[in-house]
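Structures for review follow.
Both of the next two complexes hold chain A, though its partner changes from chain B to chain C.
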Partner chain A sequence: MRYLQGRFVASALTAVSIALGVGLVIASVLLTRGVKQSFVDGTTDYNLIVGAKGSPTQLVLNVVFRMDTATPNILYRTYGYVRDDARVDVAVPVAMGDAFQGVRYVATTPAYFAAFPWRRKTFAIAAGRFFRDDVPDHPAYEAVLGADAARRTGLRVGDRFYEGEEMAEYPLTVAGILRSTGSADDQAIFFSLPSYWAMNEVARKMQIKPLTAVLIRAKRMSDLPSLHREYNVSAETQAVFPSAVLLQIFNLLTLAEDVLAMILAIVAIVVALYLFVSMYSATLERKREIATMRALGARRGTILAIVLLESVAITFLGAVLGLGVGHGIAYVGSMLLASRGGPIVNPFAVGALQPVVFGSVVIIGALAGLLPACLAYRTEVAANLAPLS
Partner chain B sequence: MTSWLALVVMLTFALAAHGDEAPRLTFAQLVDSIRANFDVTQQMKSYAGNNVEIQGFIIPAGPPDLSFFLLSRVSALGNYCCEMPTGQDETVYVFAAKGVRIVYDPLRVYRVRGVFEAGKHVDPTYGVSMFRVRDARVEVAAGAKIFRVGAPPPPPAKP
Partner chain C sequence: MRADVLLHGVKKSFPLRDRESLTVLDIERLELPLGTWTVVKGRSGSGKTTLLNLIAGISTPTEGTITVHGAEIFALPEPQRDRFRARHVGYVFQAFNLLSAFSALENVMLAMTFADAIPRRDQRRRAADILSRLGLGARLSHKPQHLSRGEQQRVAIARALANDPPVILADEPCASLDARTAHDVLAEFLAVCREDGKTLLMVSHDEVALGDADRVVDMRDVNRAARQRW
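Moving on to the complex of A and B:
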């Protein structure tokens, strides 16, 4: 420790640069993995989504993850065709609306929240109740808020709300608040399709009402390819496998990950070189000090161990600090993503990453200190104890 | 030293040969094996419980981690070419071993190897199926051929 104290500023700067390198690696991996995992965890249990012709990615991101703008409308009769198809087990109509304080409106039926044996996600009410299954002539204007939506807007059961003066005639009443599902449904305001159609001037005038999409669960998975093909060859609709779209997004993320891995490898090399240069110059500076220690009886092995220990100690400190810095950066990144309606990332996920990075850094530190340690080991007493003048 | 090297080389070849041992089943064989009341031929049943290889297009009907997906003779993406996918008889339900690491391409043929099951089975999550591969490993099948129904099948695979 006294050896380290002698070069406090240089040692501290070296530890800080290691910490920044480790932090960058930890934060980058946590965020990229977290984004991917968030898509996997938050995806829908429905196998197929039917929507208007256009971008499949836009359809999935908007309907499942509440990102991007809504795709153009399809007609309600499409839902009728799907629902009456003998191959379909469950069909749920969804219409994407505007937003209240940035929280998206999602119009659907109570079937959206129903529990099925195949469903991973469960919806439960934390306060109040689900909205009523009303009819087009008598919309109830009742809303159910996702857990995050309720927190962000501050709305409670019984509150009435609207945004924009054209909506003043059709305020929604909070009927219930959902428990957190850990998905994009936490950041939505749900209400019935009749309420949605009544609130929308264009929809009010339409004989056949509009929808954004229909979520489909097939009775037999093996019928999905033919359902997919039929709704895709139709001139009005497209059918999308949500997982296929997510896998295409993951392919792009993998490319970004590969580029990031190269950058991180360069960062690791730069940090290792910095540590090496720092230790090497310290050893050169201390040749006289080392020679004195040798003259006082210190063995060559002791000198080697001291320099190696110094290198490992600095790396150890930097790595410990870096773990904290990495999780801190990941936390800030996850907050930024969440505030922009992006995927929900756990910045404190602990797994094999931390011990692997920590162990690798300490080993790199030991290797970087090996040559300076050898240099110290070979320091000649007589040559370095000569008078300075 | 030489004998040790020879042993290592032999073991490597033996392991590689073991990996390639799984007989390949084609969709044509699967279709031909189907009998009334969800039954399949004895020959197809003889593959059950053994490792097999099937090549086809991935249809990601399950979660995006590909822990479950459909393997089909026809790609899910070709909307304006090829024939319509027919369903149960030309679809294999694949339950993958943990951690499938592939670059998904709807237009590529993949090789799936795993424990084969034939005959009707009702899964609580994925429903009724005729053919399944469990504990499956997935990789791109370079230069693969998909045999169409009615086309001459490849040489018979040994169970």
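Moving on to the complex of A and C:
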């Protein structure tokens, strides 16, 4: 360590470079894995989504993950057809509305929160209660907030809120706040369809009320192809398998991951080269000191070990710092994603990643120090002890 | 008197181009009796430093044998020769060669670490004692760059004495100091060597050193290669 202090600035800069490289690797992997995991965690338990004709990806991203813009509306009667279809077990209508302080409005029925035997996701109330199942003539204007939505807006049970002067006539009252589900539902404000239709100027004037989509759970899996086909054949609607869209998203993410892996590999090579050059030039600079130590009785093996240990110590410090930097970058990235309605990512996820990256970096450090260590090992003693002119 | 250092038929040549070589040292026999002082003088390039490096075992002779304190040093495997040098030979360099990252105390302790002859728990106290003996008791924690040149050379002398070696080699130890400082440092150095009964081989042209020496060796007299060149 004392030997490291001898070139504190150079050693510190090298450790910082390693830390930045390690941080970049940790943050990139945490964010990409987190995004992927959030898609897996946030996926719907419903088999089929029926919405307006358009992009299937847009429909799934918007209805399930609250991303992208809403697809055009479908008519409420579509929900009626689906609900009455003998092949359908459960049908839930949803309408994607505007937003309050960036938190998306989702109008639906209490069935959205129901605990069906086939559902993995469970909704529980942390405070208050679910909104009332009202009717179009008497909208209750009651809202239930997702856990993150409540945190972000600071709203509590009983608070009244609206966004924009034109909505002042239709303030919503917080009826309840949900426990966290670890999905995009944490970042939504839920209320009833009648409240939504009453609040929406266009919907108020429509005889047949609009919806964004209907979530469908079929009674039998074997009925899914026919349901899918029928609602796709219709001129107004499309039916989408969320799992198929998720697969497409995963394929895109895998492509991005491959590109990222290449970039990270280049970063690792650059950092290893920087460490090598730093150690190599340090060894050249210290030939006199190395020769002095040899003259004092240090064995060649001792000198080799000193240079190797120095290289490993620098990478160890850089790797420790890099773990912190990586989680810090991932935290900032996850906040940015969350603030833009993106997937929820855990920036402090700990697994095999950290020890693998840490171990690899220390091994790379030892390898980068090997040649300079050999150079130090071979240092000619007498030639390097000559008085300086 | 028994020889503490003995060179016999020692040649040192450096290879040149076209398979030629330059012989810089050719000594038929040179003895340094135990506990005596020998001062070597000679022109620049006469092989003085090469002679010291050979006795220290940091440069390998092309021919001949060198015996130091009873051991034929080049018959030893290199790791053992390194250990032998650490324990039996103290070397004071003209350019001090102190390690800048280490304090005066640590520079002295470093020599003890490599020799591994003094118990670790005693190293700090012993290093402090030697430095105090050379007037550096108040400068133990100072880094070389915060010491005067005279003080730096005293640290280098303390380092050479760290493992209480029987043989001390000094290569113009005061050549880079001003006359007054050189005189003071040399006087202290010689006093310590005399008190401790060291076998001293010193390259110097200083009148004090030449006057106090048991023997003065002119490289022209012992080095045939130097005689042939001049």
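Brief remarks on what is shown
We take it that the second predicted complex is superposed on the first by the 389 of 389 C-alpha atoms of A that agree within 3 Å, B and C clash if a C-alpha of one lies under 4 Å from a C-alpha of the other, contacts with A are read in each partner's own complex, and residues count from 1 in each chain.
Operating definition for what follows: a residue touches a chain if its C-beta (ideal position, glycine included) is under 8 Å from a C-beta of that chain, and two chains touch if they have at least 3 such contacts.
Because the structure is a prediction, the values reported are computed rather than measured.
If you put the two complexes together on chain A, you find that chain B and chain C both fit without a clash. Shared-chain residue A:117: touches chain B; no touch with chain C. Once the two complexes are laid over each other on the shared chain, residue contacts for A:385 go to chain C alone; chain B is not touched. The superposition places the C-alpha centres of chain B and chain C at an angle of 110 degrees about the C-alpha centre of chain A, rounded in steps of 10. Look at A:43: by the touch rule set out above, it reaches chain B but stays clear of chain C.
Once the two complexes are overlaid on the shared chain, A:226 sits against chain B while remaining clear of chain C. Contact with chain B, but none with chain C, is seen for A:248 once the two complexes are overlaid on the shared chain.
Contacts of A:298 after superposition on the shared chain: chain C is touched, whereas chain B is not. Looking at the shared chain after the overlay, A:289 reaches chain C, while chain B stays out of its contact range. Once both structures are fitted on chain A, no C-alpha atom of chain B lies closer than 38 Å to one of chain C. Applying the stated touch rule to the two superposed structures, the chain B and chain C interfaces on chain A have no residue in common.
Looking at the complex, you find that chain C touches chain A at residues 49-50, 53, 56, 58-59, 78-79, 82-83, 85-87, 91, 93-95, 97-102, 106, 110-111, 114-115, 159, 175-176.
Of all the residues in chain A, the ones that touch chain C in their complex are 2-3, 5-7, 288-289, 291-302, 381-382, 385-388. Within the complex formed with chain B, the residues of chain A that make contact are 39-40, 43, 47, 117-118, 218-226, 228-229, 232-233, 241-244, 246-248, 250-251, 254. Partner chain A is touched in their complex by these residues of chain B: 59-66, 69-70, 72, 74, 76, 79-80, 84-88, 91, 93, 103-104, 106, 124-130.
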